[in-house]
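Here is the structure we will look at.
In order of appearance the chains are A, B, C and D, and numbering begins at 1 in each one.
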């Protein structure tokens, strides 16, 4: 823990920006609520992504100018958005044909916990008395070709979010491909969590100390 | 001459009975048929099972129906929103039960209900608490869950324009669940900002064909939930 | 067979006309190819039917004026048609949502054979070497609320088409509600074939002789 | 900039491989992508499994593909039409196999394939020869058959207008199976009478959203099967 005082890791915007770098030009992308939404502000020069929102719009654009919005043109987070040229509206069944049918290239979601076998928990802490709410998360992880997560590496209390196995109720089994945290980019491979890169000024050991499962170093050979 | 137009929202929902299952269109406020819901509150039917993606906001529309104690069960995917305080109270007190369904499964179950498909298999929710109790089956090496079609006694829907044959077009993302619900209910009631003669809508762009719609009522300037909440409104 | 020389029964048009009398105003109707198509020409005064054709049109109108048709506006029999005011186009899945989902009030089909329990055979004689072709018939009988048949009472060779049990491959089991033939209108009830009415100049015995199963007279009590 | 337009029908079908499963839009001649089919004949791929409601007419379009010996299996509902002589010959000679599927089940199986639904239950064909060998199950006292989703390697589709993002609108009853097939193929190729820039189609009226379409090619004056047959045409 010796580095603690000097390590800050990436900001929310930087995590989103790092994630955006890995999304190929022309991808059809669904962005979850929270940090994932910030990806849209960091599309690399020369690339174009087409955003899907599960409530029935492909080709979602940014928020409208103040006063110019339509309360019936919203995203899955129920915030007003716009429609880009080439957009299309459709019903909810067709929207999930896109998701469940494997037509979306990629989704970027938040996480409460993710296990070394790629299980994701991101909809409920299972706390007694909480109102359970799942939305489209289970459909997205089951259907979208590639699932990226953006999340702080640990909870506010410093507990690891990357764990051997999730204690919270699952969203999906073995569904996560890659995780972008403030501290590192980590792939889920057959052997577990493999570090792809460390954030500037962050050591492997520092990340390992804050991770609830063994990390495989970036240069280790794997069959993942 | 076929004319499905009725003169008032009160007439449109007059026969909703105690214990009915009612699908209500909308995702958040987009597509929420607030005037039909308020007419249903006035009408008095209770012990309703309501199917909607959410549970309403503030104390208008769906939230007002729940607050009035009329909803004994909600089937939805996301009963948690900004300004959603009514449902948590009714849920915690045990007055309103909850069947939580993943959003895509909810949409497809409604479509299946309308399509005469009693059940289908989906990969969503496999291995999760929402998959517990469902039959599991492997196709091509992957696990799926069998889920059942959903139907209803009534569907309350908001369109942009309807014609007197019951053809409907929608506004932007207000479309969402409504075209599916129209197919899955024994009686489908549509409120639309304008009701026109048959032939005024281009047959190429109709989203809900009239065969699925039983009553159409004009609500010229429908309220938006967010505007009502901002104005501090509650219903009744 | 003493009446043989004087009995002609209804013409094709008269059968269609008789059937049309029983269709309520405002019904959504699918008409099969052949005699059933003639129903559209005999809509009783003051009634309006909306015609569905399974290839994606609700609100089908009559044939176009010569030269005014569009080869891409056709009916299930692949003949050019028109679209009435209030019509809608849709894809094939949505078209069979209407059929399978029980949204059509009524269909009128042709028949090769129909059994006293309402089984229908109308797609194949099972002859060796024949190319089997079913189209939408099995979906129609399985999904549409009320199934009417219009058919000659016997084959060209004088064999009964109304039989105890079908020898041809079935289209559906227990699906037929009512049969309009040149000789009679006959309901399928729990006890079998019940005569509803006889065509002018046709006796019960005459029809019975040409039917392969017992007929219940029109005035017999049934629980059908 | 996203631009799915390719310059020729030859380029559009260049990668169809021997043994591929190819869905071809159209019901009779309405919506038949004749120019894409002719390009496929020129391209030479063989041992194809073709999914189409029918089997073509005359000796153009789908019938020409069958006549050229390229189709080892047809999956269809109605392989019998006026002027349909090519398929019967190939079927009786054993060159082309036939999987006959009720029309509504065929449409829904394609939709399911595109929707990630491996199987569903339908009441159609229960108790008939086309239901033999299928698993039967009772829901609410009624019998249903389990049928599997259908997918393909390629879909060849005819639209009226497409934009460069792949959004498509159709002409009247030429729509039929095409929007379903677009969702169910790994590679969907659309010929359209005009190809326009993204933004020129109203987002409210798009029938096939661009996510389902991989290539778009302009065929300004597409041939109609009936006109070709009337003119005595055959292909090649």
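In this section, a contact is a pair of C-beta atoms (placed from the backbone, for glycine too) under 8 Å apart; a residue touches a chain by one contact, two chains touch by 3 or more.
Not measured: the values here are computed from a predicted model.
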Chains touching both chain C and chain D, listed by label: B
Interchain contact steps from chain A to chain C (minimum; 1 if touching): 2
Chain pair with more C-beta contacts, B-C versus A-B: A-B
Centre-to-centre distance between chain D and chain B (centres being mean Cα positions), rounded to whole Å: 34
Intercentroid distance (Cα basis), chain B paired with chain A, Å: 30
Centroid distance [mean C-alpha coordinates] between chain D and chain A, Å: 36
Chain A: positions in contact with at least two other chains: 57, 83, 89-90, 93, 96, 99-100, 142-143
Overlap residues in chain B, where contacts from two or more other chains coincide: 108, 111, 115-117, 122-123, 170, 172, 203-204
Full enumeration of touching chain pairs: A-B, A-D, B-C, B-D, C-D
Touching residues (chain side chain C, partner chain B) in the complex: 26, 28, 48, 50, 52, 57-59, 83-90, 93-94, 96-104, 142-143
Touching residues on chain B, where the partner in the complex is chain A: 27-31, 53, 77-82, 87-88, 91-92, 98, 100, 102-105, 107-108, 110-111, 122-130, 170-180, 207, 224-227
Complex interface listing, chain B residues touching chain D: 108, 112, 115-123, 139-140, 142, 144, 148, 169-170, 172, 203-205
Chain D residues within the chain A interface of the complex: 1-2, 111, 114-117, 163-165, 167, 183, 197-199, 203-204, 206, 209-212
Complex contacts: residues of chain C adjacent to chain D: 53-57, 70-74, 78, 83, 89-93, 95-96, 99-100, 119, 124, 129, 131-139, 142-143, 169-173
